[in-house]
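Going by the order they are written in, the chains are A, B, C and D; count residues from 1 in each one.
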């Protein structure tokens, strides 16, 4: 303990004992904060205090000095806890650095290529609510066809990240003849069920656009329904199909349905971070999403996705409570 | 603050002020530890102390009481740091639970199947030094041939775990005609280079046993050489091949070499956790590993692997400083 | 009708004035020495943040009652730059080592209730209440 | 020639005796009040661990010199069950909430040097030294 610290402490306390002014307490408290930064333990503070009192009031009775010794003894474990705290903070910082690296690795591993198919215009927004995104998008491109998996991992952090890399490589391994929505979900379900612990589930919507006959076929593993906008009638219909969440049951089967797309039609697939947007007045209605999409029905798909993101995130002051993902497949008006 | 606490404090201190006995300090300190458990802040302790002193020695001068008020003010930030500590501990516990789940997920994702090939006996030990294993083993089984990748991820924790899942799915995706050692390393190197940040490298040894002509071909990405035991001559030779660590350079090329295996021959592939076993006298010599293996040359491959693990881990009191992995391919004496 | 008084924070001395006001009010309201010191410290932190980061602002102190409970409410307001990343400022460890002092998590712990409203460019209002138990 | 004295730990009262011995030695060696309390607390923790987990053992206290430095060394030894997972016992947070009290990391922090030798089934010897600065 540098003697200088003790001298300053004595001066501040001396002034306080004479004047009882708030200013001295303020100065003293700012001073005590520097103690903590210098890792001076609380028992040291008592000792500094005792020394200062001995110098200022040597006439005091012995009981006072003894009582300070007792107090020092009482403070030792407080001092230990404090030092444990400082080491824990350093540990926490190391974990943070590790998480940053992991996020970067995950981003590179999980990146997916937007499809280029004649006559299909694609838009995508995927915004994480916290550091790691628990929504996952995977595009699979064939000749004259384009598929997308929109998934939401229930569960967070590192296990969820590992889970997504598993989905990605599962998809990468798909053979071409297995790429129908119901087959894809069945295969991925088996992989997930085998690899993942019971507390982790994944909802997934898988949609495939076949450019040959302008058909969109889809299957769903407990995921939010998609929205199909019919340009001719100007109306929306929900696209939903029966199926359990991935990872619940090995031999789950998935319903597959399909719909024809006309020029100007679009299909919006999303996660519950979109549909369960929560404002101060509560959750928004599905009609609201439809209205927002209808406003921009003539824009390119990417602008449509950006527009709905800014509208809904704005309602929450851009503080998302869940990961937000929307994918738009729009059939071009001109056949290229 | 329950009054009872103050009353007990006063009693203990009273006894101490009268007798100055060590016993009272011991009792007092045990008591102070319960304070911390009850989240009683250090400023509360000063206040309890002051109250006790007022009751025991009301005759003391005002400066004493004022000095305690000053001390309370000095302790407020200590109290805050302590409460921050308690919340940090809870956060740390949550992270620990997440890591446990991640380890389990990783174990399931990464599990690999030991090969069954006529005439080849395989043994494996892989022991992590800490919670997550940074060594990785992957078996690939074809008709009448069996391959193994032995890898060591340089880098730890979560990023390393993500990295291994990437290798695994990269291997899963290999086409049969690409399964020659040099091709495998070139493909995996490209995947790793693309996905991984510059601070993470992987060393890998890839060996393939072809049952048809009893040939073992291999390539190495900056990995420890393997050992080939020639049963006829009773001597060892090192199997090494030129090649950069994975993830350094996109277009790295790998040398491929091969060796014939006779009945009773075995090949031991390992990570540096084996060769760099550190005892109190320093690192062990490669000769020592050869001697230990030679002792058990007639045992089945799994017993050989277990034997060398127990020998070397025993030298370190089973406190491994690095992950320890050894794989043994042994050519059976009887052709089945 | 609530009793209410305030101190404008412009210079560092105003921090001391706000502390003094807070301590007096806490004492009058019947808080013990330690809680007086905690309330004063919370005011000190809030006033210091205004002085350091917003330049100027105001600390108001109110006596409040709610459902038979009696307490003291601190309102710290400024028209400063606002808090960019509220989530980060509320994180433990983030502020204690840096310039914000005991920072927001500290003030939150010293008091019983705590609320921040902040918009970048439009200033910050922090309300914190401590109840007499 | 080093001065050396010891206390056998069999009952809880022996913990107090070991503390007393340690405090006296620390005082004689010239340590200040706070360091006396820290050395005594370290002895207390070690003796308590012996009493609670090994049943019996011994605390020895030595004066030591090294390269002109002067200090006090505590040796705590027992023939108890030994420590199963040394790594875990040395972890922060692990011991403070459980039965081991301030535990090993605490003793390590109270002193300047610290060493454990433990083999399951064969007992534990802990050596901790504090230097006079």
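Rule of thumb we're sticking to: a residue touches a chain if its C-beta (ideal position, glycine included) is under 8 Å from a C-beta of that chain, and two chains touch if they have at least 3 such contacts.
Bear in mind the structure is a predicted one, so any value in this text is a computation, not a measurement.
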{"item": "Inter-chain centre distance, subunit C versus subunit D - centres from mean C-alpha coordinates, in Å", "value": "45"}
{"item": "Whole-Å separation of chain centres (CA-atom averages), subunit A against subunit D", "value": "46"}
{"item": "Distance from subunit D to subunit B - Cα centre to Cα centre, in angstrom", "value": "30"}
{"item": "Touching two or more other chains - residue numbers and ranges from subunit D", "value": "41, 93, 102"}
{"item": "Per-residue overlap in subunit B, given as positions that touch at least 2 other chains", "value": "25, 29, 33, 73, 76-77, 81, 84, 88-89, 91-92"}
{"item": "Category of the chain touch graph - line, ring, star, complete, other", "value": "other"}
{"item": "In contact (per the touch rule at the top): chain pairs", "value": "A-B, A-C, A-D, B-C, B-D"}
{"item": "Contact footprint of subunit C on subunit B as seen in their complex", "value": "41, 43-44, 47, 50, 69, 72-73, 76-77, 80-81, 83-84, 87-88, 91"}
{"item": "Residues on subunit D engaged by subunit B in the complex (per definition of touch)", "value": "15-16, 19-20, 23, 40-41, 44, 86-87, 93, 97, 101-102"}
{"item": "Residues of subunit B that touch subunit D when the two form their complex", "value": "22-23, 25-26, 29, 33, 37, 89, 92-93, 319"}
{"item": "Contacting residues of subunit A [partner subunit B, same complex]", "value": "13, 16-17, 20, 25, 28-29, 31-33, 35-36, 42, 45-46, 49, 53, 56-57, 60-61, 63-64, 66-67, 70-71, 73-78, 81-82, 84-85, 88-89, 91-92, 95, 98-99, 101-102, 104-106, 108-109, 156-159, 161-163, 165-166, 168-170, 172-173, 194-197, 199-200"}
{"item": "Contacting residues of subunit D [partner subunit A, same complex]", "value": "32-34, 37-38, 41, 92-93, 96, 102, 105-106, 109-110"}
